[in-house]
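What follows is a set of structures to go through.
The same chain A turns up in both complexes below, where it pairs with chain B and then with chain C.
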Partner chain A sequence: MIGGLDLFIVIFFIVGVFIVGLYFKRFVHTSEDFFLAGRKLAWWVIGMSIIGTNIGSYDYVGGAGAAYDVGIAQANYEWLGAIPAMVLSALLFVPYYWRAGAYTVPEYLGMRYNQPVRIVEALLWGSFLICCIAIFFWASGVMLETYVGWPIWLGILVTAVVVGIYTVTGGLTAVAMTDVIQLAVMLVGGLAVSIIGFHEVGGWSGLVEKISPEHPDHFKLFLPLSHESYPWLGMIFGLGLVLSPAWWCCHQAIIQRTLGARSEWDAKAGMLSATFLKTLVPILYVLPGLFVLALCAEPLADMDQALPWAIKNLLPVGLAGLVFAAFLAAIFSSVDSTLNSAVTIWTRDIYQNLFVRNASDQHYLRFGRMLTLVFVIIGAFLAEPLTTSFKGIYQAMQNLLTIFQGPTLATVLLGIMWARATQWGGLFGLLGGVACSAILHSTGMNFLYVAWWSFVVALLVNVLISLFTKPEPVEKLRGLVYGLVMKDEQVQENLASRVEGGD
Partner chain B sequence: MVAWFMDIPLFWAKILGTIFFVSVIIWALMRPKEYIFRGAPDRKRWRDLRIWAAVILVVQIILYIKY
Partner chain C sequence: MENQRSKGDKGLNPLQVIGIFWIALGIIMVIAVYAPPTVVGKVANLTAGGILLAIGLIALLKGTRKRASGRAEDI
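Let's turn to the complex of A and B:
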């Protein structure tokens, strides 16, 4: 348990984030300010915010544990399983979302296909994000109990109050700017652990010499096909070609920052700049897992104890507080982004789209703020029952995500790339892919392969039904489909004027 | 059949992985200049996002070939 200087650093971090978050209240006057930061975000803010959102506390604890267990293959989730997809997202998906003027990915799908596709996607992602808020609150409560000694309810309360208030008042601007600070804290904390770890093991060569004799596969990025969790073919096809593009191209919490960009170039550059930071992420948790394997004399009973062991045995007073602040930063940045994205989807795609269509802008701003508060309260109250009633809730959430990630990617990909894809092809492709995922999951198939096959099924169903249904009119597809944008001079001119207007 | 499949050497993982990264580089480099710079305040070389993409993917190829 931390105390003294470490505790001071943690409290200083919490108060600092709260004050910075509150500062951005002054920039929120309209619903666009609240949900999309007034479309004024610069590329470097977007890049840092994306990575801050992407790194969660489980990445630290679970990721270090997995690195302790399997070695650098865990970095596949940051490299092969992220970088190519982020390039694809930046140069193909993001420009279309941004040009469409959409607030959410389901909204884009509604424009491209039809209302049912928009609503199905919004309900899937909206429900998933609310559950994520509860899980993040619980993770924060457990962490503050373990390291600071606060009761879990107090940890949840502090997180809910701090993150809730600045997200309610400052919207996406506050979320993105606090993400920047939180990522900086995470990187400094990660670098501190790496420097001390390398000093202890004698540099990279010392680390390899200590680990390789007993664990020869720990310095291989690809593991054999017989590996239970990380078969290389599953990594390339399941993670690299489906799960990762689905995450980076379709996840609302990731995409929303780019939709708030001040120009199309900033939107694309924001996502691409995140790839540089993403390359460094394994420093935060893969290296600590390897340091523990090299330095801990007795094997750990629970691999998730790897990072706590490193903090307890490697870090001096002051640095432990900094690394703990980095944990909290990871949770806070995930909670605020998820909260803001959940509210955006429920406000735009459900409330405004289905129930109250023509209210004033201030009405939607007030509704968004109120809903943020409601989701904070729901998340705080659901945190314990949701996580204690279901064993392995985190894994369950990952499985749930796998069920609709592949079909979502197939639907968006065909929507952007193939003008012939029809509204019914999109709807039945999406539903068929989700049904396929659910069936394959029940057979116990590795989730990487489930993702791949559900993607393929959604793609095939979409193509087949589209070929047998009436094509969509060109007017409906203008600006939303790749071929039509690139070939249509009038659309090009319209886009150019919209882009100039956006600057 | 399954045994044969499971015995595919890891060498092929590196080949496939490299092909994957190189394909994305080629795809990125083929994006039209107009498309890449749309919305940029100027056309300075550092704003060419194709170069950003190529640099980061080459780093990936080096990492995956080495490890």
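Let's turn to the complex of A and C:
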């Protein structure tokens, strides 16, 4: 348990983030300011906010534990499991979302396919994001109980009050700017841990020498097909080709920052800069997991104790507080982003789309703020029952995600890449994929394979039904589907005349 | 309207706000150098504090420059 100076640093961090978050209330005048930061975000804010949102407490604790258990193959979740998909997202998906002027990914799907696709996607993502809020609250409560000694309910209450208030008042601007300061704290803390760890083990060569004799697979990026959790085939097909692109190209909390960009260039550059930052993320938890394996004389009974062991035995006073603040930063940045994205989906795609269509802008702003407060309360109350119904936080997230990530990716991918995909193909592909993943999930199949097969089924159903249904009119698809501008004779004539005129 | 709002706003630029936060945290980490008994512990605290101070100062200076040029809300 931390105390003294470390506790002071943690409390300073919590209070500081709260004050900074509150400051951004002055930037919110309209619903667009609240949901999309007034479309004023610069590329570097977007990049840092994306990574701040992406790193959660389960990455820290679960990731360090997994690195202790399997080695650097865990880093594949950050490299193979992110980098190619982020580049794809920046160059292919983000421009179409941004040009469509959508607030949410379901809204884009509504424009591309039809209203039922939008509503199904909004309900899936909206429900998932509310569950995420509850899971993050629980993670925060457990962490504050473990390290600070507060009861879990108090930890949840502090998180809910701090994050809830600045998200209610400051919207996406407050969320993105607090993400920026939180990511910096995480990276600085991670760097300092690496300095100490490498000093203790005698540098990289010392680390390899200490671990390799007993754990020869710990420095292999791909593990055998027979591996229970990380089979290389599942990593490539399930993680690399489905889960990762689905996360980076279709996850509302990730994409929402790019939709708040001040230009299309900023949106794309933001995602690409996040790609660079992502390469550094394994420093935060894979290295500490390996340090613990090299330095801890007795094997740990529970691999999730790797990071607490590192904090207790490796870190000096001061740095332990900063690293713990970085843990909290990971949770806060995930909670605020998820909260804001959930509210955006429920307000835009459900409330405004289905119930109250033509109210004033201030009405939607007030509704968004009120809904944020409601979700904070729901998340706090659902935290314990939801999380304890699964074996652990990490498993809860994975189980929820694999149900619809593959089908979502198939629907968005065909929507952007194939003009022949029709509204009914999109709808039944999505539903068929979700049904497939639910069935496979119930058989106990590894989640990586569930993701892959649900993606394939959604893709096939979408293609088959599209081929047997009436094509969508070109006017509906213009600006939403890849390649249509190239086929648009009028646009091409204008471009040609510009070139001839020397513009 | 955007420009009118920016010109009338006397508040801090966002970069100034986050710069002040990082500087304050950096100062605490630098002061914390006295706490660990080992040299490597002191160096680690100093490194973390130094980096936070440096990025905080850069953010503060850039934000001050933007605010001076009438772009108080520019991120």
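The rule we apply is simple: the second predicted complex is superposed on the first by the 479 of 503 C-alpha atoms of A that agree within 3 Å, B and C clash if a C-alpha of one lies under 4 Å from a C-alpha of the other, contacts with A are read in each partner's own complex, and residues count from 1 in each chain.
One rule holds in what follows: a contact is a pair of C-beta atoms (placed from the backbone, for glycine too) under 8 Å apart; a residue touches a chain by one contact, two chains touch by 3 or more.
Since the structure is predicted, the reported quantities are computational estimates derived from the model, not experimental observations.
In the superposed model, A:I181 lies in contact with chain C only, and not with chain B. Once the two complexes are laid over each other on the shared chain, residue contacts for A:F12 go to chain C alone; chain B is not touched.
Residue contacts after overlaying the shared chain place A:Y482 against neither chain B nor chain C. Contacts of A:W265 after superposition on the shared chain: chain B is touched, whereas chain C is not.
In the superposition on chain A, contact is made by A:I196 with chain C only, not with chain B. Contact with neither chain B nor chain C is seen for A:F381 once the two complexes are overlaid on the shared chain. In the superposition on chain A, A:W418 makes contact with neither chain B nor chain C.
Applying the stated contact rule after C-alpha superposition, one finds that A:F222 touches chain B and leaves chain C untouched. In the superposition on chain A, none of the residues of chain A is touched both by chain B in one structure and by chain C in the other.
Across the interface of their complex, chain C is touched by residues 5, 8-9, 12-13, 16-17, 20, 23-24, 26-27, 29, 37, 40-42, 45, 173, 177, 180-181, 184-185, 188-189, 191-192, 195-196, 199, 315-319, 321-322 of chain A.
Here chain C touches chain A in the complex through residues 5, 9, 11-12, 14, 17-18, 21-22, 24-25, 28-29, 32-33, 35-36, 38, 40-45, 47-48, 51-52, 55, 73-75, going by the rule given at the top. Residues 5-6, 8, 10, 13-14, 16-17, 20-21, 24, 28, 31-32, 35-41, 47, 49, 52-53, 56-57, 59-60, 63-64, 67 of chain B are the ones touching chain A in the complex. Residues 72, 79-80, 83-84, 87-88, 90-91, 95, 219-226, 232-233, 236, 240-241, 263-269, 272-273, 275-276, 279, 486, 495-496, 499, 502-503 of chain A are the ones that touch chain B when the two sit in their complex.
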